[in-house]
Each structure stands twice: as C-alpha cells, then as structure tokens.
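Chain nomenclature is as follows: A, B, C and D, assigned in order of appearance, with residue numbering initiated at 1 for each chain independently.
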Amino acid sequence: MSAPALSTRGLDKRFGSLVVARDIEFSLPQGARYALIGPNGAGKTTLINLMTGMLRPDAGHILLGDDEITRLAPDQRVRRGLVRTFQINTLFPHLNPLEAVTLAVCERQGIARTWWRPITSYGAAVDEAYAILGSLMLSADCYRPTRELPYGRQRLLEIALALATRPKVLLLDEPAAGVPRDESRELFEVIAGLPGDITVLFIEHDMNFVFRFASRIIVMVGGGILLEGTPHEVAADPRVREVYLGARHG
Amino acid sequence: MRKTLIGLAALAAAALAAPAANAQGTIKIGVILPYSGQFADTGIQLDNGIKLYMKEHGDMVAGKKIEIIRKDVGGIAPDVAKRLAQELIVRDKVDILAGFALTPNALAAGDVSAEAKKFMVVMNAATSIITTKSPYMARTSLTTPQLNETFGAWAATKGGVKKLYTMVSDFGPGHDAEQAFQRGFKDAGGEIVGSVRFPVANPDFSAFVQRAKDLNPEGIYVWIPGGAQPAAIQKALAERGMDSSKIKIFGQGELTIEDALKSTGDTAVGTITVFHYDPNHDSALNRAFVKGMNEMANRNPDIFSVGGYDGMHLIYEALKKTNGNADGEALITAAKGMKWESPRGPVAIDPETRDIIQTVYIRRVEKVDGNLVNVEFDKVENVKDPVKARMKTN
Amino acid sequence: MSIVGAVTEPHAYLRSQTRWRPVELAFWLATLLPYVLFPDYLVLASAIAITALFALSLDLILGYAGIVSLGHAAFFGLGAYTAGLAAKHGWGEPISGLALGGLVAGIVGYGASLIVARFRHLALIMITLGMGLLLEQAANSASWLTGGADGLQGVKMWPIFDVFRFDLYGKTAYGYSLGVLFIVFLVARRLINSPFGLSLRGIRENALRMPALGAPSRAHIRKIYTIAAVIAGFAGALLAQTTETVSLEAFGFQRSADVLVILILGGTGRLYGGLVGAIIFMVARDQFSGNTPQFWYFWIGILLVAVVMFLPNGVLGGLARLGALLRGRAP
Amino acid sequence: MGPVIGVLFDGFAYGMLLFLLSVGLSVTLGMMNFVNLAHCAFAMLGGYVTVTLINTYQWPFLATLPVAFLAAGAASVLFERVLYRRLYGASDLDQVLLTIGLAFVAVAVAAYVYGTVQQPVRVPAYLRGSVTVAGLTLGTYRLFLVTVALAVTLVLVLALEYTRFGAQVRAAVDNQRMARGLGINVGLVFAITFALGSGLAGLGGALAIEIVGLDPSFAFTYLIYVLIVVSVGGLGSIGGSFAAAALIGISDVAGKYYAPQLGAFLIYLVMIVLLMWRPVGLFGRR
C-alpha cells in the first residue's frame, strides 16, 4: 500500500482567541478527487493556506507522500509537487498567458535563473507552455494581456499556471468562483479531464458539481473536520444538513 | 520614442542658440554658487555682495564690459561644480571663475582653473588647503584656522578661561575649527576638558548641551554652520541653564549672526565670538556698504556678502592693473600682494599663498538700543592663514 | 504588435518581442550626435549618460522587480569611492577602476539583498533609505579614508587605453560614459529578455503568486538587487573617474530621490525610461537653471506635475498609450 | 539622574513635534494609499503663516497657531480637489512624481516670497527659558509643545472613537471598499481627513520654528523624519504615530547623550531594527 499523496496530523491554527483550524487530520490517496465543503468561515481556505505554507500551523504535521513538509517555504512545497490555485484571481495582469505559463514552466525546469540567454533559446519550455494553454482552450487568447481576458478565461489561466508546475497534488480553491453556470461546467470538465496521477482537492459550494466530480467529500465546520465520506454518505448525514440549514438560518 | 527624440532635438537646438562667441570688449565672469537647496541663502547673500559692488562701480573696467553668468550648483556637489566650471569655460567662454560658497565645490573647480589657466576667486569656502589647488586662485573670505587658532590663543590669555569644552559640527569645517581652536588654546596654556561633535543635520541640541554641563567646564566653545542651528543651540543652552550669564560661551561668529539673535532673546548677551566681519563694524566704508545693501536687497550684508563684494573688488582692481587683460597668469600676478580697505577693515592678498590677510575681531553680544548686536572689543591685525605658514616652515 | 492573432506561432511572437526596433537604433545613433552638433555640451552629455546608467540600474529593480528603493545612491557612492580611492592611491587606470567599483558595490549589494529581499512596501522603502543614510554617515565618520565632507582629494586618472586623456571639453568623458552605458544596456536588455527577466516581471506583477508557482522569489530578488548594485557602482565609478571628484553627496538621499524621480519621469519597466528621463530632467534643469539660477526648480516642479497629469506612467508610458490610442482610432 | 530625565523629556518633546508633523500623513496614507510627499510643504505653509502674522501684523504667537492650522488645511483641500483626487486610482509612482513636483513648486514659491533667509520668530517671554519642577530643569517651550501634542492626541482619539465622523474614518481606513458599500462617502471623508491632517502639519510647522527654524528647504528637510515616524508607527494609526514619534525622539536624544559618536546613526538604526522586527509598523495591521 503506497503512502497517501497528502496527509495532515493534528493541525492547529489560531489567530488570538479565534480558532481557524482545530486538530485537522485527513489523507488524500494517490490520484483521488476530493471535495472540501463547509459553510463560509469554516476554515477551508485557511486549510489550503496551511497546507501550502502561506500560513504556519501552531501545531501538527503535514506530509507530502512520506516527506514531512510542515516547515518548508511555499515555493519549496510547490517544487515538490503540492500546488494550489486561488479563489480570487491571482494572476499577472500585464503578462499575457503565454508569458505567464512559460514563466511557470521555466521556474519548474530551473532555467528561470538564467539571465544571459534569451527566452527564445528555450524552445522546449515555450512549446510546453503553448501546449498547456492549448489543452485548456486558451491558445486563441495567449497573446492578450491577462487583465484584458474575460473572467472565465482568467479562471482557466489559474489552472494552467498550476498545471505548468507539474503538480502531484493540486488544491483548487473554488475554481469556478464567480463564473456563470454554463462556463463552470466547462471548467469542471477540464478538472475532471486532468491526468489521473494528479491528486485533486477542490473547494466548491455548488453541490451538483461536488457530487458529480468528487469521489469523496470532506466537510469542515468551525475550523474542524465534521466528517469525511462518499458523496452518498455525506448527503445522507443529518449533521451536514443541520450545518447547512443552520448556517442558512443564521 | 520618436516624439521624444524630436522634442529633444528641439530642446538641444534651443540651447545651442544661446551664447554667442566672446565679444571683443567683454570680460565674462562665471559665478558658481548654491542658489537653491539647503545653502541657498549663503549663495544669495554672496551674490548680493557681487551685485552691490557692480551697482556701485558700474560694469565697465579698463574699457571692458563685465558680464556675469550665474550657475546654481544646488548644494555640496563637487561633480556638478566641476562640470559647471568646465561648461562655463567651454560653452560660455568665461575668463574668470568666481563664487564658491562650499569647500568641496571650490576644490573641484580648482582643478579646472588650474588646467584651463583661468583666474578664480573663492569668495567664501574656508578650508585652508583650497588655494593650493590652482596657482590661479585667490580667496577673499577667510580660512577657518585663521579665525579659530587666533581665537583659541585669545581665549586662553585674554579670555580668562583655562578649562574649556568644545562642541563642533561633525564634518570637515567643524573638524578644522575644533583642531584650530584647540591648538591655539592649548599652545597658550589652556586645557580642553572634553569635546563633542554633533551631526551636521541636527535639529535638537539638548543632549549635547547636557553632556557639556555634566563636566562643569569654565566655558564652552561652539562651532556651528549658519542656518537654523545657531538659534537652536542658543535656545538649548538657555533651557539647560548654560547661557552666557552663568558660563562663558565662545564661538565663531555664525553662533551669533543677526538672524539668530533676533530669535534667541537676551540669553545670548555676553557670548564672545570671533569673526572677520560684522554689519556693525564701525567705519565709514562699512556704513556705506550696509546702507547700500539695505537699499538694494532690503537686508543687512553678512560675511558672505562682504566676501562677494571684496571678491569683485579684487577682480576689478586686478583687471585695472592688467589693463583689461583677462589672462589667468596676468590676473593672479596682479592680484598677489594687492591691498585695499574693505568694509571689514584693511585686507590684503598674501603674495605667497594667495589667501587673504585680514584683521580678526573679537566681539561680545550686547544690548544696544534694545537690539542685540555683536560689539567688537578686541582685535588681532594682519592675520595670515596659520596652516600654510606652518607648511612653509616644515 | 501587428502580428497578434490566434494563428501566430509562439516562437515567432516571442522573437518579435525581443527584436531591435528601428527607433531603438535611431536612439543609439542619436547619442553620437553631440559630438557633431553640440561639441560644447559634451560635459553635460557625459553627466547625463552617467545618470542614465544609474537610472537604468534602478529600473532593473523597480521597473522589473517592483522593488522601490530610496537608498540606491548607497551603491553609487560605493562605486564612486572605490574607483576614487583606487585612483588616489596610485591606480588610475579607468577600466579596472570601474570594474573594481562595480565589484565592491556588488558585494555590499549582495549583503544588503539578504535583508531587502525579505521586505516589501513602505518597510522596504524605509529600510533602503535607512541603509543609504547609514552608509553616508559612515563615510562622513571615516574621514581618514574618504576625506569626509571635503570630499576625496587627489583623484588622478590615467588616460583610457593609455591614449585618451580626460579633457576639459569632455570628449573622452562622454565617449567613455556612453560606451559603458551602451554595453551595460546591451547586457540589461539581454537580461530582461531572458527567463530570469520574465520571472522578475512576474515578481513585479504579482509577488504573492510567484511562490505558488514554485519560484524562489527571494533568490531572484537577491540576484537582481546585486546586479543592480553592480551597475549603480559602475555609474558611481564613472562619475568619480570622469570628474575626478568624489564627495559624500554621492551617497546622499538627494541623489537617491533624484534618480527615482528621473526614472518615474521617463517611465518605469521600459529600459529606456531611465535614459529618456535622465535626458529630459537634466537638459531641462540645465536650461531652466541657466535662465533662473534661483528658481529653476519651480519649473522642474511644474514639469513633473504636467507629466503626471498628461502622460501618466512617465513620458514613455504616456507616449505608448497615446500611440495605442492613435492606432486604435486609425482604420 | 535629574539631568537624564530632563534630556529624555527634551527628546519626548522633540518627538511630539514629529508627531504633529506626521500624524496627518499616516492617516491619509492608511486610508487612501495616497503617497503625499508634499505633506511637509503644508507644514511649511503653516510656519510661514505664523511668521507673517507675527512679524508683519504683530499678532501674538498663540493667536497665530489656529490660523496656521486653518490655512494649511484649506490649502490642502484646494490641492486635493484640483489635483490629488485625479490620481487616487493611479500608481504610487505617479503620486510620488506629482507630490514631489508640488513640493518643488512650494519651495520655489516660498523662496520667491520670503527669500531664503531663516525666519526669525521670537516666542513670547512666558514660553522662553526653563522652569524647575522637583529638581528637574524643563524647557518652558518644550512643556508647551508636549501639552499641545497631548491635547491634540486626546482630541483626535476621542473624536475617532466617539463621533460619527470618526467611525466613518475608521471604517474607511479599515476597508475602503466595505465603507463605500455601507454608504459612506469615502471621497468626502477623505477630503476632510486630508484637510485635518494637513492642518495638523501646518500647526506642527508653526510650532517647529522655535525649535528647528524655518526656511524654504523645510519642505524637504523634515520629509525623512516624517516618513520614519509614519513607517515605524504603522499606516493609519494615531497611536502608532504617537508611539513611534515618542520613541524616535527619545532614542535620538538619549543616544546623542550617552553615545554622541553614534549620534547621526542612531535614528536610522532604530528605524531599521524596528521595521525588521515589525515591517508593518508598531501599530500597523497591513
């Protein structure tokens, strides 16, 4: 039995008296498709921030495969294959998609340190970036500055940037946030079509997508994990109903 | 980009059209001064001296018309001063370089004077070595040791103190003054019980005054540049109970310049300073000088003005002697040994060092008709720069 | 720009981005004009070339990596004093003095980068400012070495290649400064078109995203900061050598602030911004202060306000936008 | 011990001067992210207003202070409405260029109108000299300065905590977008805050003459100190500016007293160390 792709043990994080993560333990098997759900303020994005190193946990451990990564810097984690996207577009407004994705490819290949040779002499990196853009249907837009792209395209570029790092584990923070419904489906089709060896965890509010695209679901409430199970189990659990209905009432 | 280029070309073309070649009967003087920035007032008061002299004596000398070209060096910037000096000679074809309020700028321009063999008159900058930079250079202001070594000896003998604390600004001129004063004071049997140097940009003096007070000296010697600091340190002395009613305060004249006395109040009374010029100097020539300056610029002249005024006098008289020949060699030969009566008293250009020889005045702040003024009560005549005198004997 | 379209092949596109444009060639040819047209202005032209080099150095960290520095004169001063001290103590050979100036500035720059790379925003600006001022004070205190406030005395340069003497007209000075500027520009141009240059633009555009792409942003920043320090050191060394003067104000806040204004005036992140800014600022200053030595900075102030109002993002940024607007309107 | 406390008090008073000069910039920077490097030009304006009223119109010193405050505030509103507001969305660098340009113009105008000479101001006799309290010699003017600064701080803090306008300011500093969402006219709140901040700078400029003098270079000379206080204190924080100004003033004076050879270094060292420890400033949040 191989080690899980990503796992955590006893993860705690608080800001003053506010507990944002409490004893978080879960593990993602290789190639899994997990959804992370929970009401607003449940600590979903915080958890992603903890796992990717944007926040330091107060206690607990994070393992990528067999390796402890709790103390690694964010960029070191990415180089080991733990990659995220952002809920709010976090892109390079004045670069175009070709430049942005080429940048990510160059960083992965370690050629981004080179300053005495022009980028044009790294044809393979450019080709790879162009291919990734093509696979996400972005080739037509790849010379337009990012800030001029339609919103839905920018969401795709978020994923393209992540893919350019060749992730082992991909954490998608509401990949379809703010995207109209029909475009969202397109986006999730892209996610579903990701190579099978990439382990995916995504945050999503729309239960239709969650049930369709996730093999298992983690439910978070108030900084802790409420339960983890198959879509079927989660749908049937009365506590989940309570959380969502309660949250709606509050 | 193309537009930029066209614009630049236009600018440059406009610049080209500016100075025509030297007209036969014109002698051009390039004046380099800080007209802007922290030292702007120095530059402007010096320039007022130049203007007043030309207003009184006309712009024709030995049949030639005098034309002044002014350049702003903006502060301590030797690279700019040197560039401006080069440009004045290359572009504007000046015959004489003048002005120079600040030592580093004068030193840098000295190279240009030496290379281009142009007569150069330093009208303020006071570090001793400046005139060694070019054989065509003369100075009409002062040297720091000239005043302070003399004053140190005076303080130990006639000043009635044997234990002094010294406080100076922590940069070249302050170091020079500290060294010169302490040398004069110790050679005459005094003892320096302590000393401190404060940062050049120092808005608050209370800590340094307290340090001096802790040692309980008989007196304090202060060297400080002009500007806002004289008033600030006088006030700090008063606040810490160290004003001249309780302890003897000595300093170079900047400490009690007119502007400072206007805001210090009576606590400055009794402060003893050394200087080579004060608008209250009692002579007919000076009264006319002060009157002329007030008519022209609506303010009293100061040491900078008298430096500029005497500098112009030196240029005019040298040109008269050379009969309008503006060659550097001719002018400096004419300038050497020249003697005249300045608003500050009798002065001369030392033929050996091309530095000024003048009377050094000891003054005390007193209240006269309700105003605080520096009253001269002792003097040392015909003082040369002691540093260069020593260089020669060694 | 005309080839933008779905069918363009990415390699061709990237090559088109890095190709020399005619206007660039025209610009560099025009830099030789002073020899022919304005031989009386070579001294000024040399000072402009040096300032342009200094601004280019700042552009690399500000325009390409988004690091605002108010203490960049620290490296300028180090280069100036190193070259000056070498010449004072008997080694007046310019080229090696220049290299030495860059080297010393680069070493200190690398040390400073270890701190600088950790900060952003106001803290970064103020830390760079503080380091610059500390260095200035240190140079003032070490007057046995630096000559203190009087400046370094006794700097005497040998002729370049043992042939070209530094002359009163600035012929050698301008040729030397321009040559160094051009060579450094070529290197800088190559740098920004490299993968590293792309990563720098990434840092400027979104510093938060870079680590999420696995980019060692701090290492990148350390590297470009060191390179920029070397170039600033070259600029300082050039000034020391061509004017044979060095003084404390080489480290001064004013110099740091001026070069920042010059770069913003020209336009950041465009490589030519610092060059154009230096030309405009210094020619304008020369002309204004020639006419009114006392109040020239009034007109400089008006010039700056006008540029912001009518040409936002600097002269080049404004012109680029104007150009795009005109092209947009054209059929 | 006595003299030491006196020296520290002097440092505190000096810090209070810095506080008055910088608090306005801190709040406006925190609220609108507008980099106003012409801030000290408004302080200079306050100084010149006081000088003119005293020397030309023989006003008593104290009576000129409110006028200095009002004049600087009014002038700043004019500039805010005509020039600054156009650049709220622009880059920081454009804001730097604009406000540096304005500071240049201000310096030139001051030099043209008043000349480059140091402006003499003689404060009334009851503010000169020193008083001895419990064996401590304290400068009268410094006591006055501290009193004014403490009063200003008290008024500011109370107004910010307990008035409707104060609540709006806090909301706008905290989160501009949300404040707009709540129906707060952020533009107006900012304009008023800007005027208040510049007015305080004007008051600081008037009070500063007695300690540091006044000439046209004032607009640039004190910019560095103001920026130090703002960055160390933390953007948008009155308490932060107060603490930073006091800390810088005291450590500056104490450093000069105990280690004068470090005199010029100390203020920068303190700043660098504090910023490395807390990059967002003592009381900053972002």
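The criterion applied here is as follows: contacts are C-beta pairs under 8 Å (C-beta built on N, C-alpha and C of every residue); 3 or more make two chains touch, one makes a residue touch a chain.
Just so we're clear, the structure is a prediction, and the values are computed from it rather than from any experiment.
Traced through touching neighbours, the fewest hops from subunit A to subunit B number 2.
Distance from the centre of subunit D peaks at A, each centre being the average of the chain's Cα atoms. Remark: subunit A and subunit D have CA centroids separated by 46 Å (rounded to whole angstrom). Spacing of subunit B relative to subunit D, judged by their CA centroids, is 35 angstrom.
Subunit A and subunit C have centres, each the mean of its CA atoms, that are 41 Å apart.
Residue numbers of subunit D whose C-beta contacts span two or more other chains: 111, 261, 264. Counting only residues that touch two or more partner chains, subunit B has 36, 40, 44, 170, 199-200. The residues of subunit A never reach two or more other chains; the list is empty.
Pairwise, the chains that touch each other are A-C, B-C, B-D, C-D.
The touching residues of subunit B, counted against subunit D in their complex, run 36-38, 40-41, 44, 170, 196-204, 206-208, 210-211, 213-214, 227-229, 231-232, 235, 238-241, 259-260, 262-263, 265, 267, 299.
Of all residues in subunit C, only 4-6, 8, 10-11, 13-15, 18, 190-191, 193-199, 201-202, 205-206, 208-217, 219-220, 223, 227 touch subunit A in the complex they form. Residues 52-53, 73-75, 78-79, 83-84, 86, 90-95, 98-100, 102-104, 106-108, 111-120, 122-123, 125-127, 129-130, 139-140, 142-144, 161-162, 164-165 of subunit A touch subunit C in their complex.
Chain contact summary for the complex, subunit B toward subunit C: residues 1-5, 8, 11-12, 14-16, 18, 33, 35-36, 40, 44, 70-72, 75-80, 82-83, 86-87, 89-91, 103-104, 107-108, 111-112, 115-116, 127, 129, 170-173, 175, 199-200.
Note for the complex: subunit D touches subunit B at residues 3, 6-7, 10-11, 14, 111, 115-118, 120-122, 125, 128-130, 137, 139-142, 210-217, 221, 252-257, 260-261, 263-264.
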